[in-house]
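In the two complexes that follow, chain A is the common piece, with chain B as its partner first and chain C second.
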Partner chain A sequence: MADDKDVLRDVWFGRIPTCFTLYQDEITEREAEPFYLLLPRMSYLTLVTDKVKKHFLKVMKAEDIEEMWFDFEGTSLKWHYPIGLLFDLHASNTALPWSITVHFKNFPKCDLLHCPSNSVIEAHFMSSIKEADALKHKSQVINDMQKKDHKQLWMGLQNDKFDQFWAMNRKLMEYPTEEGGFRYIPFRIYLTMSDRPFIQKLFRPISPDGHTHTLGDLLKEVYPVAIPNDDESKRYQVVIHGIEPLLETPLQWLSEHLSHPDNFLHISVIPAPSD
Partner chain B sequence: MSDNAESPTETQKDEPSTPQQPTEDLGTADEKKKIDVLLKAVGDTPIMKTKKWSVEKGRTVQSLSQFISRFLKMEANEQLFIYVNQSFSPSPDQEVGVLFECFGSDGKLVLHYCKSQAWG
Partner chain C sequence: MSSCFLDEETFCQCCQLLLQHSHSLCDGWSWEQVKGSEEGYLRKTALGTGRTRCNLDQQGNSSDQHQERTFSLSFHNDDEDDDGAVCCIQEESSSSSVVQYEYHILYSCSYQTPVLYFRASTLEGRSLCLEEVWDSVHPNYRQRLQHRPWDTITQQEHPLLGQSFFVLHPCRTEEFMMPVLKAALDEHRQVNYIVTWLSVVGPVVGLDVPLSYCTQVPEPPHTPSSSPQPPSSSPQPPSSSPQPPSSSPQPPSSSPQPPALGTKPG
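Coming up: the complex of A and B.
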């Protein structure tokens, strides 16, 4: 388990160098300088951008400030999606730093959910964990935890405390030995070229006859288009945390090690770059 | 989110149709475009007269929540909490079709609704 624990740390401490630029139509008292920040892949935009807000507030009048929101090349960025997912899905093959535009007006309520406070983020995060455990353990593990344990998961995420988070999260990664894995794997597959937000279905880590399901098995079942035929070149990249795991990787292993703190495997399927 | 029901002017034509008769489906014979939802009240939240609804798969939780609020003639400032499996609150932009696939049982998706936070 020694090497696998390193994977957990690498995933947790993944960062994306980002440049925040104020939208040109925002009203400022003087020129706004861009703001640079390393964003944690496993967190949420509204949880880690207080510094961004403070920076731009310095050159703006209070009456010109409404709820802050972000876009990348015209696409509104959903704060309730993990940062790493947003990057992999929208900006994977673009040059770093990730260039995000900051807005304080004209909140696009058809695209984005409001985020009036951190408690909204906490509620969303905890709901995701509960949904994941409903799939993994019929909610037994999360329900057996006390309220203070739930709080520890949130505080670990909010304060970027790997040990504090995993002291609790490891319980959500356990399963009865005789089962060989979770009941169902919590996953979501996001597609850039589709109108539906994501694919989420019931999928077992082990087949009824004991065969260990892989990432490739999952894709074959729910989105076979992502897997190239032998004779054709790769049309799509299947990305998790900025890397393309081998399709032979066991799904159970991916779920235990490459899930986001919300316990979901967030998988992006994007067009392969044509160079 | 491209769900048209979000904008106030379009909610009228986006109402869930056929109450109580889930077999009354106007969709094609191939893939059923609608799923059956059973709404259950929690605590002292008013009970809907019609509990069983046939809802389009692509309908969002937020859209359904707005429908329930209007049906119950709730005030604009009153909140409604929706729960799946009596354990988690789905994201407002979540599609009911996905929830049905993952958490449906006996051919329907049971959703609990409450004016206050029931399961945190």
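Coming up: the complex of A and C.
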């Protein structure tokens, strides 16, 4: 039986083999070769693609370069979503490597947030952690931490340092024993077949009468469409970090072990592949 | 402290009451419902002034060949000798111009407060960039924004529409709402949470709240909850004419009366 700590490592070190190809209409001085990279599931596109930019800069003129952005099969990729979530949501059942198109012009400013520097990624990341703690602990744990502790969380993510990150993050995963779990579970359920980007609601890990809530309980409450009826075949897959956890899994356990570094459970509900 | 937080139901009720007054003033607020759910948000468009850069093209890119469009949003912190750069807004040719604003008031279940989202564009339809939005903030508020990162304006994804908006970060809301709510309680005054909140955050981003909102919009009737509540003033009937201010005082109570904290069953 795998130790729970192993799950934390497996989640942290998950990688997606990716092929970056320059958009055909970009102006180049000579032909651009595709660039291959293993992307960390738990990081953000703009944090880990400096090499991609450098690679394509070699065949382009400076004046043809604006803010870099990415699309997959016509869908612009939101850099502020963790990479693993983007893959699960858009490319789950496609062949590897994940083929991403790189753009340097016509930034889709209605759909994508600008990312002019790493400070913006840091601010976004810390904002998510703060929001997650507002749900879990009424912000008490995050507010008790010092500036340097916040920095340690960010540096751990930025530099891919599991131990450095978790030395601090474990505090955000604690709860008073008598409570049995967090106050509310930080989660977002992402849908591909809706205008709405995600569903986020208040949901407790333990019911008032002490009953442990499961992933199935959560879905039944906030997105019952995702759960198949007994007699029909499964229409949707519920994916976290590239796997489909059993619906009986306790939500508190999922929150402690399968959250992203931003302390949110990012859950994708995608159409099940038809055979 | 539960008294400065807002549950979703009370949020909706406060918004509906604000809307009634808005209709009487014809000042443009509407309620947008999310398809297939009870959630929604207040929306309003308005023309205002802002500072925009004249040398940007439709894409928001500088037409100056040698202009380096890099700027650092490293937030300067009072208690740290950081890389000291307060948000570096380039001093280019910016001028005062008419800006089209679109404001949305949403409910945040994480912070249990309202949140103000907005977009801004020139009359030619070009969206303002973050530096221009910062530039457009009234000088009275600018210092506060620069020195306290969590009070700041950032670009965020609209949680219901998925598009990029600017947001005033909500996590300090309780700091300014608490004294106001407490004072109102002590003085037996009605307070509509949304109106009070909006009158504080709105002006930072060019949204003015006429004084009549503060005198004419009542608070929603209190729903019975587990904690003892004194009887509330009678609910206002919907009407199109402005309501006279409530003259019946709230009976004094020994315990504070928090709005019911909406917790989902389970």
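Everything that follows uses one rule, which is that the second predicted complex is superposed on the first by the 273 of 275 C-alpha atoms of A that agree within 3 Å, B and C clash if a C-alpha of one lies under 4 Å from a C-alpha of the other, contacts with A are read in each partner's own complex, and residues count from 1 in each chain.
Here is the rule we use: a contact is a pair of C-beta atoms (placed from the backbone, for glycine too) under 8 Å apart; a residue touches a chain by one contact, two chains touch by 3 or more.
Just so you know, these numbers come straight off a predicted model, no measurement behind them.
Chemist: When the two structures are superposed on chain A, do chain B and chain C clash or fit side by side?
Modeler: When both complexes are placed onto chain A, chain B and chain C end up clashing with one another.
Chemist: So, does A:K201 touch the first partner chain B, the second partner chain C, both, or neither?
Modeler: After superposing on A, A:K201 lies in contact with both chain B and chain C.
Chemist: Could you look at A:F107 and tell me whether it touches chain B, chain C, both or neither (first, second, both, neither)?
Modeler: Only chain C; A:F107 stays clear of chain B.
Chemist: Is A:D217 touching anything from chain B or chain C once the two structures are fitted on A? First, second, both or neither.
Modeler: Only chain C; A:D217 stays clear of chain B.
Chemist: Have a look at where A:E66 lands relative to chain B and chain C in the superposition and call it first, second, both or neither.
Modeler: So A:E66 only meets chain C here.
Chemist: On the superposed three-chain arrangement, identify whether chain B or chain C touches more chain A residues.
Modeler: C
Chemist: If we overlay the two complexes on their shared chain A, which of chain B and chain C does A:S117 touch? Say first, second, both or neither.
Modeler: A:S117 sits against chain C, while chain B stays out of touch.
Chemist: For A:D10, select first, second, both or neither according to whether it touches chain B, chain C, the two together, or no partner.
Modeler: neither
Chemist: Now that the structures are stacked on chain A, which of 60-68, 78-86, 132-140 or 222-230 shows chain C clashing with chain B?
Modeler: The stretch that clashes with chain B is 132-140.
Chemist: Which residues form the common part of the chain A surface touched by chain B and by chain C?
Modeler: Residues common to the chain A contacts of chain C and of chain B are 80, 109-111, 113, 123-124, 127, 130-131, 134-135, 139, 147, 195-198, 200-202, listed in rising order.
Chemist: Okay, in this complex, where on chain B does chain A touch?
Modeler: It comes out as residues 1-2, 6-7, 58, 84-85, 87-93, 95, 98, 101-103, 120.
Chemist: Quick one: which bits of chain C touch chain A in the complex? Just the residue numbers, please.
Modeler: Contact set of chain C toward chain A: 34-35, 59-61, 65, 69-75, 77, 79-80, 109-111, 127, 129-130, 149-150, 154-157, 159-164, 169, 171, 262-264, 266.
Chemist: Per the contact definition, I'd like the list of chain A residues that touch chain B in the complex.
Modeler: Within the complex, chain A touches chain B at residues 80, 109-111, 113, 123-124, 126-128, 130-131, 134-135, 139, 142-143, 147, 150, 184, 195-198, 200-202.
Chemist: Can you name the residues of chain A that touch chain C in the complex?
Modeler: It comes out as residues 63, 66, 78, 80, 106-107, 109-114, 116-117, 119-120, 123-124, 127, 130-131, 134-135, 139, 147, 186, 195-198, 200-204, 207, 213, 217, 221.
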